[in-house]
Amino acid sequence: MVATVQRKRIEILVDTPLVPRIIAIAKKIDISGWSVIKIASGGGRDGRWDHDEITGAAAKSIVLMIASEEKAGSFADEVAPLLESHGLLITIGNVEVVRGDRF
Amino acid sequence: MVATVQRKRIEILVDTPLVPRIIAIAKKIDISGWSVIKIASGGGRDGRWDHDEITGAAAKSIVLMIASEEKAGSFADEVAPLLESHGLLITIGNVEVVRGDRF
Amino acid sequence: MVATVQRKRIEILVDTPLVPRIIAIAKKIDISGWSVIKIASGGGRDGRWDHDEITGAAAKSIVLMIASEEKAGSFADEVAPLLESHGLLITIGNVEVVRGDRF
Amino acid sequence: MIIETLTSPVILFFILGFFAACIRSDLTIPEPFAKAMSIYLMAAIGLKGGVEVASTGFSSELLSAAVAGIALGFTLPILAFFLLRSLGKLDAIDAGAVAAHYGSVSVVTFVTAIELLTGQGMRPDGFMVGVMALMETPAIITGLLLARAYAKKTELPSGASDNRDGGSSLIHEVLTNGSVILLLGAFAIGMVAGEARFEPIKPLFAIGFNGVLCLFLLDMGLIAARRLLQTKKITVPLASLAVLLPIINGSIGTLVGTLIGLDPGSAAILGVLSASASYIAVPAAMRLALPQADPGIYLSMSLGITFPFNIIFGISLFAALANFLAKFIG
Amino acid sequence: MIIETLTSPVILFFILGFFAACIRSDLTIPEPFAKAMSIYLMAAIGLKGGVEVASTGFSSELLSAAVAGIALGFTLPILAFFLLRSLGKLDAIDAGAVAAHYGSVSVVTFVTAIELLTGQGMRPDGFMVGVMALMETPAIITGLLLARAYAKKTELPSGASDNRDGGSSLIHEVLTNGSVILLLGAFAIGMVAGEARFEPIKPLFAIGFNGVLCLFLLDMGLIAARRLLQTKKITVPLASLAVLLPIINGSIGTLVGTLIGLDPGSAAILGVLSASASYIAVPAAMRLALPQADPGIYLSMSLGITFPFNIIFGISLFAALANFLAKFIG
Amino acid sequence: MIIETLTSPVILFFILGFFAACIRSDLTIPEPFAKAMSIYLMAAIGLKGGVEVASTGFSSELLSAAVAGIALGFTLPILAFFLLRSLGKLDAIDAGAVAAHYGSVSVVTFVTAIELLTGQGMRPDGFMVGVMALMETPAIITGLLLARAYAKKTELPSGASDNRDGGSSLIHEVLTNGSVILLLGAFAIGMVAGEARFEPIKPLFAIGFNGVLCLFLLDMGLIAARRLLQTKKITVPLASLAVLLPIINGSIGTLVGTLIGLDPGSAAILGVLSASASYIAVPAAMRLALPQADPGIYLSMSLGITFPFNIIFGISLFAALANFLAKFIG
């Protein structure tokens, strides 16, 4: 069977205008890459929210990053102070990455 | 290192017109929030399906919810009867949530 | 509580024009279905990349598949030779699937 | 008339799309663009109808056409339901869902018919837009009642899906359906604004109309053919019914239109409305109200077979029938 | 004039959208289509302004209007800030964010005002497009400075968010803002091209304009009403300020415009610009610079209340005021 | 002519987009809107060409231009391939992929050239649209054959990627490519419909054309500049080749056009087609057939350098050359 390595799958739910700030932090701690997925709609403590708006300020995205456990930890530490003020939601899960030594 | 808590990551793949029904169930058992992601295309037992259609009835979405193990269990129980009739696909995984006490 | 089974959640990040090739492999080893999610933007070793382009060649997608451990393994073996040439990123995680015996 | 139809750019674009999908070309129209065109077409057709009614005034035909349209919407699914069960071998749930589609209407078929009829000197009355909007939803109710009456207990939605708010949310969905609101709203705006105030916005809505319809039908051709190619659910009896039902319903509609005294163009349009099957409003409502019904069946029939049939043959057929009936009855 | 306003198709489409959202219809305009329309409207309005300036030449009014516009942009948020803190009971962060919105401008309000005023023989000068572009961003700076000056240390962004590049990246964002670039760029293209070279592209940008504005306002009506219905953050004092601030700012703007010698149409437009609140450029900047400020407050006020108020009442009000002041002062 | 080009709104919008991206503005055109514009432009150009051929009839030039176009498509990549390997220092895979791009064509360059040439009294023949469609794909085959012939075994795709259906699926993809189908389909529709039946849809496709082209080139300017700014793969020799190849290919194309007896406008267009590099059809095909080739190289060269070069300088150059050759040879 093909070789796999254990890595962290980090998912950050964030307002779209703040995505560059998240990426800047990821770059600082040298995470190798990221992917952004658009959220179509959602809801939380504020009640229902919809994306069908021309004002981009209300748009939300998921930033997805695969990283080593160590980098995932540094990332969480760096980003934690923004959690409240920026309304982030950060989850970290375990995944096997196929031939993933470069991450 | 920053504090994390163990939570469930629930992913429900569902026809877009039925999303409100899923959300209604989530609200009933007091899950704190949800995010909807649009699926661009896909395929299953029925063969290939594509989203490039004007008839929204064939569109599919993923509803993503972070919740405690207990709520995830109640949610699965509530939603199970709809599995067959509504063609749902529900997966539940483990994630660490950074400062996630409110979920 | 409702019955769940343990399955693999496979996520393949791939250039959109190559998605059909991934699906062909999935069909060959009889994976029951797949869902494609569009990536809005991202970055890796090549630096930032943005999707706002008319040339579809640079678009990226995530192919999401739920499969048994056995099929996930065969899939990883089949797809591994393409990893380098096609620039794929493949992660495999564990999930519980509600009433998921057919996967 | 069929040759004039087949050399009209509007129809040729539909055929191009159908052909492109058949040879499995990767040509696609981005979904938001298709939705934008459908919003544009509905706003334009509503406005034009309203402006016309504003200048001709209300007539007694308007009222009788509206009543006839609603009555057809409620009753046409009944015949369809029994044909689908007997000939089509569908169970009650699927038959109810399909019947609802055939009782409702297709906006694009209507718009294409208006263009083709106008091009042949059979311009229908402006108020038929309002009639179309009224015909969008009654069939949903009939289809659901039929499905509930004839389905076995075990087939029906259980638990969460048919709870209290299920019914009321469906009625709400049906009454506030986006395309109904847009059509009736634009119609009302056209009536309030009238010819003079319509002038500044006329260029976009009147001049661009035919061209947008071409591009929209290109997309419809792609979608219809892809539906047909993908589907594995369509038996020969179902495919035959997808041609038979529009012929039956369309003939009934044209006849009713003639009997209530509509001019041939408007009678033909009432026939086209009766013959056409919904593929936007009703599928969404069915997914919600009858999730067990198989979308593969109702979308393939309405979008894959009935829509192309009506565009290419049905419109000419009901126009000819309306002319014939006008001489015969009139 | 208010009746003429209320029977104009442009406004009627806004009302239709607002109504559809209030009855919770599922009508939606696809987001990329709405963005496309807003790009089209900005390019068209910029081009037309530039072409006009190319044919009339630069005038001294142009310069004084530009200076007045920038000055209003910088100063209007100050009064707003203190009213929001005292009457509205907002903390410094939220008050600064909201004040920035009211100092900036809404492009769609501007465009709608141009259409309504032109329809009533009060056509504003072409260069007012340039003034609008200049008024988009100064208020962001004032709003931020006010928030920083009055906020308690603990409320302000900490750590990563206000580090070195935070400030410079905001200034960059403000200066290179997409809509400012597009407006000023199209304005410059119009000036370089002039009337003759504008001719071949005129049909799209001139003829389609009013119709596109209708569809765009349909979407704005949907968005405004949905904002209002969803929000739980708007207190009675805040709702009152969302009506009071445009009246105050708009009167100041109209007065300033009259005093610097603009014709009534242009003075009214300066009033409309002052009265209008941003809902595209400023929210994005605030999310970046003051992430602690609550978007629920500033979007609900500017989009949910002030925008509809200006579209339906404000424009007529400042037009009347400009005419009155012209007689009184002139 | 270069000054006329640089003050044309179409080109000014391209420059505006390029500039906006260079100062890193956040201005973006939503992708579905850009795709919609490109579908519109292809349908419009195809229709207009077809209608023209319908009224002028087939001519012998049509046939010789078609043969010349296909021949150029097959042969131009050969010279490019060896220049890219020797001067550009690319390996066989990358050189083959880039060469395929330069042998194929850019629809937007073509459309812009038609507009600029028409504006200067050098209107090309309507059938050149058909020639363009025929030139889209031959180069893909030559590029692939060159890459396979010269690449070392280890560089070539292994295992799943070049299995049996790899080849046939590529040929299918090439023949059913969406833009080829749309161009040829609209061309055919134009021929079948003819001038009279084109009339009702003319407003959208003829009147709006120039304006849409402006907005599309605004987007192309943004994309071209962003490509250039992001890339790290473009060496000085490669950048030089991205200017040299269009000059060489364009001169060959213009010469061939003149020799086979085309009028100067059509010869210039054949030059522009030869000079232009694909950035839609070929990249997608290459990603599939030569996934090892680096998209960073071929997209940066064709989109980032050659496209702007042709739009701003190339078109004027080949127009001048065609006029010169017409006098010299004719």
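So that you can tell them apart, the chains are marked A, B, C, D, E and F in the order they are listed, and the count of residues begins at 1 in each.
The rule we apply is simple: a contact is a pair of C-beta atoms (placed from the backbone, for glycine too) under 8 Å apart; a residue touches a chain by one contact, two chains touch by 3 or more.
Keep in mind that this is a model prediction, so the values were computed, not measured.
Common neighbours of chain A and chain F, by the contact definition above: C, E. Taking the mean of C-alpha positions as each chain's centre, the chain lying farthest from the centre of chain D is A.
The most distant chain from chain C is E, comparing centres defined as mean Cα coordinates. Taking the mean of the C-alpha atoms as each chain's centre, chain A and chain C sit 18 Å apart.
Taking each chain's centre as the mean of its C-alpha atoms, chain B lies 34 Å from chain D. Residue positions 28-33, 35-36, 207-208 of chain E each touch two or more of the other chains.
Contact of a single residue of chain C with at least two other chains is seen at positions 37-38, 79, 93-94. Taken together, the chains touch in the following pairs: A-B, A-C, A-E, B-C, B-D, C-F, D-E, D-F, E-F. Against chain C, the residues of chain B that register as touching in their complex are 11, 13, 37-45, 60, 62, 73, 76-77, 79-80, 83, 89-94. Of all residues in chain F, only 30-33, 35-36, 39-40, 43, 47, 172-173, 176-179, 181-182, 185-186, 188-189, 192-193, 197-198, 200-205, 207-208 touch chain D in the complex they form.
Note for the complex: chain C touches chain B at residues 1-2, 4, 7, 9, 23, 32-38, 61, 66, 93-100. Touching chain A in their complex are the following residues of chain E: 28-31, 34-35, 38, 157-161, 165, 219-220, 222-223, 226, 230, 232, 279-280, 283-284, 286-288, 291-292, 295-296, 299, 303.
The touching residues of chain E, counted against chain D in their complex, run 7-10, 12-13, 16, 19-20, 23-33, 36, 115, 119, 207-208, 210-212, 214-215, 218.
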